[in-house]
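Shared chain: chain A. Partners: chain B in the first complex, chain C in the second.
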Partner chain A sequence: MNTTIPSRSVPRAQRGGLAYLLRAEWTKFRTVRGWVLAVVVAALATVLLGLLTASGSHSSCPEGPCPSPPVGPGGEAVNDRFYFVHQPLAGDGSITARLTSMTGIITYPPPDHDEIVPGLVPWAKAGIIVKQSTEQGSAYAAVMLTGKHGVRMQNNFTHDTAGRPGGVSAASPRWLRLTRSGDTLTGYESTDGKQWTKVGTARLAGLSATVRVGLFVNSPGDLTVERVGLGGSTGQVRFTQTTAVFDQVSLHSKAAGGAWSRVEVGDGPGMTDWERFHRPNGLEQSGGTLTVTGTGDIGPLGAEGGQSIERTLGGAFAGLIVVIVVAVLFITAEYRRGLIRTTLLAGPRRGRVLAAKAIVIGTVTFVAGLAAAGVAVPICTRILRSNGNYILPVTLLTELRVIVGTAALLAVAAVFALALGALFRRSVAAVVTAIVVIVVPYILATTSILPLGAAQWLLRLTPAAAFAIQQSIPEYPQVISHYAPQMGYYPLAPWAGFAVLCGYTALALGSAVFLLRRRDA
Partner chain B sequence: MEATIEVNDVHKRFGPIVALDGMSFTVKPGHVTGFVGPNGAGKSTTMRVILGLDAADEGSALIGGRPYRSLRHPLRHVGAHVDAAALQPSRSARNHLLWLAHSQGLTAERVDEVIEQAGLREAARRRAGGYSLGMRQRLGIAAALLGDPPVIILDEPFNGLDPEGIVWMRGFLAELAGQGRAVLVSSHLMSELQDTAAHLVVVGRGKVIADAGVAELLAAVSGDRVTLRTTAPSEAARVLEHEGATVAALGHDTLTVSGLAAERVAALLGARTVPFHEVAAHRATLEDAYLELTRDAAEFRAVSGQEARR
Partner chain C sequence: MRPELHAEWTKLRTVAGAGRLLLAVVALTVAVSAAAAATVTCPSARCNYDAAKLSLMGIQVSQAIVAILAVLAISGEYSTGMIRTTLTAMPRRATVLAAKAAILTGLTLAAGTIAVLASVLAGRLILPGNGFTPAHGYPPLSLADAPTLRAAAGSVLYLVLIALLSLGIAAAVRDSAAAIGAVLGVLYLLPIIGSMISDPDWQRLLWKISPMNAGLAVQATTDLTDLPLSPWAGLGVLAAWAAAALFIGGQLLRLRDA
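Right, the complex of A and B next:
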């Protein structure tokens, strides 16, 4: 006897399995109060640690509020200091100059720190520049010779194009030319003043009709970083100065031929008397030869110049630990009780079951992380500012990337932890593994317990690389700075670092699905 | 879907242990099929293979002609209760049923229906962690009923039930079978299935020992053993042995006779005027049948257990 029993309550019987499984896993998640609370705690911990750090971080200057660094046309904080020999340039035109000498001094460098030595720092600069005004932070384009990096064309602080390498001497001078045509500036170089090679072009949107054109010289500080004991390092920046000799300076424009003005751009209260008077920056003119001496740098300001916004998310690692525990328990609790069998009875397509779990835990943590970071960043930066700290400005897009990226980091890490839970089927083993490969490398690398090289490799090879998604101030090859994880610089680009975590997660989840399909439940 | 379970020559090893060694049987709709055998005979493993939890090394287990893992909304085809402990302790019974319902596209109304059916209304919103074994069994039954399935598989559902619960469970199983469902119920105690199961699959050492209706099984085992009380046991024994029976002395005036029916014993003794005052056909219980059928399996297990240790 064979009987067929009509099923009573079978609505939407044809509709998709994954949607049902997702709903089931969500119901599972929200009906364990401990898990829901833990995710709320993870979000709160992130915010509270941020608030704690922000309210404990004060900064003050002897004379009223601390001066803010200038901001470049791209919205970033910049260094803009150089000696500028200039005159107006109305409309289109060009400037050409021959550089015959570039020398400098470095004060008290290592190893003995006992004398002033002649020499150029790698990014000492001497060349020609077209700049919106003599105001710090205004738009510019420049062609220059550098201490160690040959001829470059740079514009608006963050852009750098390499020309030919090599230095300069009286026997082999370097010719530089910069032409303006509307918004477009083109840099050229030559060894003889006849055969010109293009170095690069720059578009300076919104450049005024009349701008400043002229010669500039500067020299960034000489940085050395020393490790001090375990987990510390000290950076020293020494005063340096560059002197460049120009001749054959010619200006082609509608109203060329005025007298040269001179100004120390960025001559602020930060200068010591020694800097002012020992060997003053300036211009010496004899006939057609102009000798210009300058110090300082034109370029983006690094993370040492203020507080970066991601410093407000230092508590995210605490939230991450809680998230890892919840994500692991989301699956290992089922193994512990044998509930996994009920789950697999309801969803015999095992890959889909794990996918549904991953989507649910990932979405839950993403939302919690987004709420936490979305609250922590704006509120904590406001507190930091009111405590006199300077917050390095970033674009809205970067700020969004930091916030959304932090949420995504938590979400993917949760999926990774879930996959480990499915692989190990044991809570403790999975939690410990997840923390050892994500949280521990992050802490080891960013607190400079390890040598720089080891720290950077950890942040390339382990899932902790994903914290790069929080880096708001990029590293620039044309600026020498202490690009170390503890300063907020990661060895991989933000999305590349995030991709490392995604790769590990895909691998873990793939293996978990493979084993779940093969193993008896 | 056809409400049958077909298990065909299923083999399954766990390392050196042979769990299933050619298990084959069919469960038909409309009655309760008891699945009995000593602990370790392979009942739970067979059920896990049927339910797609364990993969068979060889053979097939089909539900309505299809492997479990290919069922689209499996709980609407098969309701199973395999492990009463499989609960998240902090989740309430209702929420446990709710996620199961959601996994099959069923609604909360259906959850409330099965809670009512399983008699769990009072406790449904309490943490499942605080449930007694009996309540967990009821919750498991509720979960099995959720999709209103034509096939129901229950592993040791009587465990932990109080006498009242056992009566309830028996009635419930009979009702489910009466609705035309195929009901497979495992137990290691035959007495639990007495009066409930119409068909029995008796297993030992990973294979089927007997697969028959309860009445046939009883008849086969009770055979024609006769208890005889007489004041002349030696004379009676001589007469009966002469007719081909096997006779054993049970006491100074009691004999057990096999090979002859009770009526024939009475007639033979009457004809030879051997005095006797009682001839009783021995009435076997399911328990006896079961013990007799599984005796070899139990002995074998003891030996193979030693071998496995070696």
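Right, the complex of A and C next:
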């Protein structure tokens, strides 16, 4: 009697190998029409929901197209408004000034919002600046004293270096100095004009030979955030103004000593009653003392300034839910049909079987997610623009990170769901757990009445932290803004948030492998 | 309909998962509600929180468990093939679905009532310690207060309607994983899309048709004028979803082979 099994197409050595298992799992996946269809539906839903929300978002201004904010040298949208007292600076040189007073007003601050009070907002700025031109968004470097954060050196809107803390008074003035040498600008500060301390240096690539140099003063709006119905919140920005007194201003360059020109960079059309009746922005000069008054801010524009590109990916949540269901079924269907026994007979190394399944479902969802996000982001931003919306510009690298990150998020979420399916062996429990830990924390954090702190902890500790990978507009410590999840700001850095989901997935997959080895199938 | 009710009750009673799921509904509602109440503080009279809604926040999570219970009540039968026995024994298919709906309603009503009462009690005990005091405009939560009573009773009804909506969807979809995915998709997707769209008119429209947003309006006790729908009208939207799902599920159950 012959008991050997004839005709084995795969050599014995390869059976149980990863390549063999991958091929087996891929065959199982692609031959279930419902699953393939579902992945296609997931990709289509992502794109279609993006198209729907994009075509539903209109924005218009009373007089023609809405003005776009200026764009800084780094390509990001910026605020660039300040009072500028300036002269040309040809070639290398330096400016030194002594700041003897910095005061200001804040209109209608909380709690009662009923009076104008004297005071400085934390990032009110007064100091010296070297700027490419008086155009908004042009390159600059500046050394300044701030309302509450001491001396700083800032350049090109996003860079900020701290100097010494403290304020200013007539008894303890602050000396500031900024020197240009080629493309390099160096900031110094001093308390007596003799002992100088370096604050920082900045390289402004491509700075032209003749630039503008001078004194500047501004004062960002005072922000308060109020919660409104439907779980959202609105920010309110109120007018503030800063006045600074400079003396002993000296300019060292080849052609120094011209008269001061004055300009309000980025001046809006209207004027507040305060400017009209009390103190307009401007310059008062008496002898060597220059008193400069200004408002506005120099810094990166936050998510409140327009639409960020990740807003086109809301449909990815629909894709995510479909992908979770498919990934869970990819393993639980085997248990329901008893196929798992055949699978484990053919591939007795159970850890490898699960790894092969994870690779197959991860790759399939990654490809589908990449296609969906890669189509949705460019097309939807184009639709949004044609509907009059301003899209906050981001670098190509950031846009790629948002697109690839969304695909990676879907892929890792699918592996996570697969692992849960292997752990629970029941599809409903696995689907609900995956959705409740990934999607529900995001909903509670962004649309509910939870306070900011609790919402941020939800997005640090739960797998929902991974949505940080979609954040395209970063948070800047030197700009006060409403950095809340519903504004698109996550408490963790993009890759750190993504790592949280990866951690949970590794844990779930590890436990699943452990249990799969120990349990009877 | 009595034999159908009796049969469905026996089936649900003797399945191991049902009791644990009902227990989970109560535990999760109370735990999440108490956690939410413990994290929120009200430092001044201006804090503008809705104390009733806050102390019932657990409903937003425990509705998923109610959905599991409802989905399993019918798709569990499809995965084991039990549905063929059921429909052979009780050929009036619409009545079978109605019996399932009635049993689910009773169970959810019971578990939901316990969960909501315990959550309100937890809120009543925890919130005053976090500044929700009469001095800040927050008398202790009490069901004698008409809006709070409406929020509490409405939350129980909300869970019941979620169960019926899930049952209808599961009867139509049959596969348990796909059904629970569809239910949670309907519940959770619309609020997310609504929060991502910038146009306020669209936002309000999506809010009005979203079963979760509109249905949970019944929990609101402050700033009612800001809501796109009145609390009971909001619950009505969810009721319409549930009715439509049950109707479609019932029709498909009658027309299709089991």
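Methods note: the second predicted complex is superposed on the first by the 492 of 521 C-alpha atoms of A that agree within 3 Å, B and C clash if a C-alpha of one lies under 4 Å from a C-alpha of the other, contacts with A are read in each partner's own complex, and residues count from 1 in each chain.
One rule holds in what follows: a residue touches a chain if its C-beta (ideal position, glycine included) is under 8 Å from a C-beta of that chain, and two chains touch if they have at least 3 such contacts.
Keep in mind the model is a prediction, meaning the values are calculated, not measured.
In the overlay built on the shared chain, the residue A:Arg33 is in contact with chain B alone; chain C does not reach it. With both structures placed on the common chain, the touch criterion links A:Val325 to chain C but leaves chain B unconnected. When the two structures are aligned on the shared chain, A:Val439 is found in touch with chain C, with no touch to chain B. Touch criterion met: A:Gly314 reaches chain C, while chain B stays clear of it.
Shared-chain residue A:Lys194: touches no atom of chain B or chain C.
Of the two partner chains placed by superposition, only chain C is touched by A:Leu49; chain B is not.
After overlaying the two complexes on the shared chain, residue contacts for A:Leu339 are found with chain B alone; chain C is out of touch.
In the superposed model, A:Lys254 lies in contact with neither chain B nor chain C.
Shared interface residues of chain A, touching chain B in one complex and chain C in the other, do not exist. Chain A contributes residues 1-5, 7-13, 15, 17, 20-21, 23-28, 31-34, 333-334, 337-339, 341-342, 344-349, 520-521 to its touches with chain B in the complex. Considering their complex, residues 1-4, 28-30, 48, 51-55, 68-76, 80, 82-83, 85-92, 95-96, 98-100, 102-107, 109-110, 143, 147-150, 179-181 of chain B touch chain A. Touching chain A in their complex are the following residues of chain C: 36, 39-41, 44, 46, 48-50, 53-54, 57, 60-61, 64-65, 67-68, 71-72, 75, 79, 175-178, 180-181, 184-185, 188-189, 191-199, 202-203, 207, 213, 223, 226-228. Taken in their complex, chain A has these residues touching chain C: 49, 52-53, 56-59, 111, 226-230, 232, 307, 311, 314-315, 317-318, 321-322, 324-325, 328-329, 332, 336, 389, 427-432, 435-436, 439-440, 442-444, 446-451, 453-454, 486.
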